[in-house]
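Order of writing sets the chain letters: A, B, C and D. Residues in each chain are counted from 1.
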Amino acid sequence: MALVRGAPLRGALIPFRRRTSGRGWTLGFYIARRLVWMIPVLLFVIAITFFLAHIAPGSPWDKEGRQLSAATYNDLNVRYGLDKPIWTQFVFYLGSVLHFDFGTSYQHPGQSVNSLIAASWPYTFKLGAASFIVILLVGVSLGVIAALRQNSIVDYAAVGLATIGASVPNFVVGIVLIILLSNYLYKFTNATFFLPTGGYPQDLLHMIMPVATLSFLPIAFLARITRSSTLDALRQDFVRTAWAKGLRERVVVVRHVLKNSLIPVVTIAGPLFAALITGSVIVETVFQVPGIGRSYVQAIDARDYPMILGTTVLYAALVAVLNLIVDVAYVFIDPRVRLE
Amino acid sequence: MQVGNRIRAIALVSAGLFAAAACGGTSGNGVTLASTQELRVNIGTEPASFDPSQTQWVYEAAVDRNVFEALLKPSKDFKTVVPDAADSYTIDSTGTVYTFKLHQGAKWSDGQPVKAADFVYGWQRLLDPRLAAPYSSFYLSVKNAAKVNGMDPKDSGLDAAIQTLGLKAVDDNTFQVTLEAPAGYFKWVASLWTGAPVRQDVVVKNGKDSSGNDKWGAVAASAPQTVVSNGLYNISEVVPKDHVTLTANPKYSGASPKPTINKITLFEIDDETVAYAKYKSGELDMATVPLADTEAVRSSPELLQVPELTVFWVDFNTTKAPFDNAKVRLAFAQAIDRDSYAKDVLKGRAISASTLIPKGMRNYRPDLGTAQTFNPATAKATLASSGVSQSALTGLKYTYNSNSPTSKTIAEFIQAQIKTNLGINLVLDGTDSKTQSKRLRTLNYTIGGPSGWGADYPDSQDWFDIFVTGSGNQFNGWSNKAYDDATNAGDAAADDTKRDAAYETAEKALVQEAPVAFLDQRIAWWLVKPYVKGLSYTPNDDWLGDFYTYTIQIAQH
Amino acid sequence: MSEPILRVQDLRTQFFTSRGVVHAVDGVSFYVDAGETVAIVGESGCGKTMTALSILRLVPEPGRITSGKILFKGRDVVEMDGDEVRNYRGNDVSMIFQDPMTSLNPVTKIGAQIKEAMTAHDRFSPVQAAQRVVPLLKRVRVPSAERRISDYPHQFSGGMRQRAMIAMGLANEPSLLIADEPTTALDVTVQAQVIQLLKQLNRELGTAIILITHNTALVASMCQRVIVMYAGRVVEEGPVDRIFSRPEHPYTWSLLRSVPRVDEARKGRLVSIRGLPPDLVRLPPGCKFHPRCLFKVDKCLKEEPPLEDVAPGQVARCWVMMSTVSEETREAAQASEVAFDVAAEIKKRMRADAKT
Amino acid sequence: MAAPALVLEQVDWENPEQIGLWSDAWVRFRRNRLAVGSLAFVVLLVTLAITAPILEHFGLLQDPTAQDVINSYAGPGTSHHIFGTDDLGRDVLAKVIFGSQVSLTIGIVVQAIVLVIGGTIGLVAGYFGGWIDNLLMRFTDIMYAFPDLLFVLIIVAALGPTLVNIFVAIGLVSWVGLARLVRGQVLSIKEKEFVEAARAAGSSPFKIIAKHLLPNSLGPVIVTLTFGIPAAIFTEAVLDFLGVGLRPPQPSWGVMVFEGYAAVDSYPSLVIIPCLALSMTMLAFNFIGDGLRDALDPRMRR
């Protein structure tokens, strides 16, 4: 098979069978199997994080400056069950997690982790979704144009941007934007930092900088992959057949070239989500975005175990679900793939 | 850009310096008011709770002070206390029974009258072990407080024991506190924001979370509905991790005059650089100046320098060699060039300190600090006379919190000073804030820091208690009978001259024995927009004017 | 005889590569009458595929048609602009390719790809196009066509796919179908079926077919005329039976002898033609075949012979012509074949390449 | 006289000229000017990093920890501080060069860890297949589900931010990609005839892996590792930037960005210089990666 397919898919899909695929039934079965498989994965993630968090030196109640009295210190441990042996705490925590109760945050007495995450999740999601759309639009179009107009200035510009993008860390991009906008340009654009209170039009203006910072690296990554897969597709025989049929250029490019070259792009959507998540931690810290990325860093520093675990589980579940969606989408996009 | 809480300095105006001069009069003094009277400030970190009994940090106090009204509050010049929710108070002949007369007709934000029983319930929550209030130690002077607070949270007899506390509502307007023993400083304890009244029915209505925390004070979007308060302002909006908005409380009928500012937005920007950038882009009305931008603003008309009542020092672990030897500690203290640190490193934003009590407080005695003054020659001599071998001084680890840029800079500065002046190579051992606090608390270190103290109130008792044997706030494992006796005498004495003499002996012992090497007292650099008028601030403000918000006005701009 | 539907005059197609200009098609002229089946044969790299692609203006980068005319029903294809070419391709002239495995879009249904060929031109309305797909597939003998149109290429066998390609080619009832080595990638049994199908379609639809192949056996069973190409030019052309019985150009002669003939008992051993196809960048002087020609004379090295009439309808490009060569010299020439070291030749060629 | 049989010289196709592959790759790599330029830059950087202590000894370079508190925050181009000084008056140029030591070691050591873990898991899973493959791949899925930065943050918080811990932490999260790649390579090569032949000839699995599987999957592995280096440097810099990474006195670039960020308004050079160093090094490794990929994988024509 001449077409270059991206990195082999995650375990469950290898090897391909080229038999006619009874899609409906096997797909449902496959999704169920993957969802069931997610539970042990999440449990494993919880276990690792739980013990790592508890190994970290210092307790949630240690603080600088005025110390808590010994009595208060002990009362707090009793209330949050930290006085029990670590294994009992773990079992107790697993019990509550199975009822979707992720406990209460030490940093915010009176608020459950569920409500805290629910409160700050929209900002991470809004930023992540906006960046994802920007990344797909800009990354793919850049890659396709570079491939179609190969060895033109557009191609060199796209490849150049892709390589530089892959090298400049996103917090550097963030810093440069801050230096430029806060010192020099703010007079004109008044583009201040991410302030979710601005209401609709102002919100978009404020999201420019964080979204740009979050998207810069993935756009480069995506453009590079789209370009090479489109170049491969252009070299295939069926494109020549399409031309020979007298189809218009637009039809040839969209229906024949892109329909094939964008398949590998779907496979890298998985690592793209992971990059967005790690990126959100950095961007939220640089731009003071009240999302769960930033609260994760604060939770670690404050040894807020329920918050650390809650955020990690959310992120891990998110990655697992998104990867499943990618794999299922892959089946619908590439008819040759048949589910194990 | 530090993550998490840093040592947020508690500021105090020094006696003669900035007294009440800057406090503006009412709108009548020729200030044309802007159409919107809104103030936007940065408190740096999201408060853990609005429930007074669950707060401890300065930025939490700044919110609660405007939403609740405690019995008393510090005067504008921070020298004494003035009435707040209580119009007046009397002390009986034994000096142990304080009777507070509440302001007639004061109302809660939901229209209910403020009753003495609300204060009784509020103070009981501060001592109830099940709630583990962080500031409970301040109220241990109340009768039976130590006994109740020390009980096991699961003890069934707890509710009955709480009734035995020296707290009584004589009638709806009279709240009486009985102490274990007379305490000259108790008026200041009554001025703390944590002593605000709390409505029992509101707490019960909102119930508890799965870990037993009362939900009424939670910093959540639901706060405007759950928090019922008696202060000048109500909580109108909470956007977690971003800001809290307060609006003037229409039903307020307490003693304070009506505020001109009707809306205060408190942002939670933990990065000083970002806050400074927002000040410049017009999104904040005041902001602190990052150390790096000192030169840029030194001559700016918007600059306000407010000396803070905070002193920072380096900790020695007196229970482990080589710092069990007083001479070695003294040698290290004498080898640190405090003036260069204040002038060059902090660019003049600090005053060097070689004694415990900061400048601007009653017992400020720089003359007693001669033992620790910087002198490389005497430092070397003292080290030599200590008889400690060179090998015992090698490989000493200096532990510090490397998340906060200020303590990182101090660590590197101390390392260089000790290297040049004593020829000893300290190994820097940085870690995050929690680990650092634990190391200090469990004496699992040799030398480290910086630790510091900010005045909760300008009374020496608040300071000298730190180094008393067995005090939770001392990380040096230091015990000195002469110091303990002098401090206890100072705390108990009623007459000021007797207290000063006692505290003087305590200060001398502290400086001489040097369980810590004193470093500096910070000066806060603030930038305030020119259109912010009538600002009257005390050194304990988290943002300037947060004690007396009703004097602030926004001029036309 | 009416005007031929296709007349190629002195066509030159060149590739401008870093190694220099490749003369892929170096002055080719021929004609194809309506309904006629013509074969273009020659070793790989002799320019036969590039000639076909030039006819459809499908020359890939960095190739260009540098000169010459391609008259299709009187209109010169070389002069056509973008839109005209698009309208011309696949409408009245269509082409099918060698490897059915890769010539069909793997992610689109077979039916859609065939329908697309029709909807690209306005000859049939979309509704008509949809209705014609199944009959087309039936015509090319694809079993249970109704069900198969919704299958994907990977669900078809090699032979089935080539039939689908042919159906696609015939969708617009073109007057000329160019088949570029349609059977090379198929195994022998399927080859016969495809050739049988093409012959039948030529008879039934009157579609002229240009069959491009290096397999001379196919030519005999299917085509009326044959054009032999070598080094980007036509070296001999004529009716099939004459060319097969009395080839005039030494290259055609050696070509025919290196093919096992079922109908005749072979006397001597099969002999491959000595040497390698010429390097199209540095063509030798004179007759391009002279380095490998067994009967060359001095003139062949200096001057390239023109196409001369050697018999009614037959032309050849040679100074000697096989008819003048006696039987004995043919036997001696065959015997004097010297063992040829292929590997050495390849290495010599690579080293020459590396130097540039 | 029987006609001489046409004898084709017996060319040993079993092992194509091994040198051809590498010399050919070098020829193609040399043509890529950007890659060669980047290689030169990296070589310069490595020599500077190694000789830094010697340069300091000879006074060409200042001591990065020497404080000159009087003229701290001096801008670039002042007296004998070409790049200026930081908040405690330390020479920025010295800090950048000594900082490269940390960043380069992190980049290379982490890739070594990734090669060991990822390589072995990929090879074993690919070659043996069956339940071993399934087990290892399920384990990789788990690691894949873990957002890498979060995992690194929690490890560093738990074990403490020493250099070794950071190496291990970043290495632990970065091997998944390589494991998958190697497994894919092994799976595809295992099908190839010459491996079949070798197995038929009875050579031990270990010999097969060493002689056939490794050399053939070397190309993509080298490319992945080259791209891995900037990724590792980036992750370490992020840790420092979040304030949880390396502790002074280790002057790594990430720490310099973290310290300089506080002075971003008045002294942007304190942030820009380490950011430039970081970006240029990562850029260089990316260009080298590109060059290697094109050289070793002819299909990816430019």
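Following the convention adopted for this analysis, contacts are C-beta pairs under 8 Å (C-beta built on N, C-alpha and C of every residue); 3 or more make two chains touch, one makes a residue touch a chain.
Small disclaimer: the values here were computed from a predicted structure and weren't measured.
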>> By the touch criterion stated at the start, how many steps lie between chain A and chain B on the shortest route?
In response: 1
> Which chain has its Cα centroid closest to the overall Cα centroid?
Replying inline: A
> Just curious, how far off is chain D from chain B if you go by their C-alpha centres, in Å?
Replying inline: 49
> chain C to chain D: how many Å between their CA centres?
Replying inline: 51
> How far is the middle of chain B from the middle of chain C, if each middle is the mean of its Cα atoms, in Å?
Replying inline: 93
> Touching two or more other chains, which residues of chain B qualify?
Replying inline: 1, 3, 277, 280, 403, 431-432, 435
> Which residues of chain D are in contact with two or more other chains?
Replying inline: 157, 160, 242, 244, 261, 264-265
>> If I count partner chains per residue in chain A, which residues reach a count of at least 2?
In response: 56-57, 178, 182-183, 285, 297, 301
> Which chain A residues qualify as touching chain B in the complex?
Replying inline: 56-60, 62-72, 75-76, 78-81, 96, 101, 103-104, 107-112, 115-116, 119-120, 178, 182-183, 186, 190, 192-193, 195-197, 285, 287-288, 290-291, 294-295, 297-298, 301-303
> Given the complex with chain D, which residues does chain B contribute to the contact?
Replying inline: 1-3, 272-273, 276-277, 280, 290-293, 295-296, 340, 344-345, 402-403, 405, 408-409, 411-413, 415-416, 428-432, 435
> Can you list the residues on chain C that touch chain A in the complex?
Replying inline: 56, 58, 60, 86-91, 94-95, 97, 99, 101-108, 116-117, 120-121, 151-152, 154-155, 165, 168
> Given the complex with chain A, which residues does chain B contribute to the contact?
Replying inline: 1, 3-7, 46, 48-49, 51, 54, 56, 129-134, 136-137, 149-150, 153-154, 209-221, 239-243, 268-271, 274, 277-278, 280-281, 283, 401, 403, 431-439, 441, 451-454, 456, 472-473
> In the complex of these two chains, what residues of chain A are touching chain D?
Replying inline: 4, 7-8, 10-11, 14-15, 37-38, 41-42, 44-45, 48-49, 52-53, 55-57, 163-164, 166-169, 171-172, 175-176, 178-179, 182-183, 228, 231, 270-271, 274, 277-278, 281-282, 285, 296-297, 300-301, 308, 311-312, 315-316, 319-320, 323
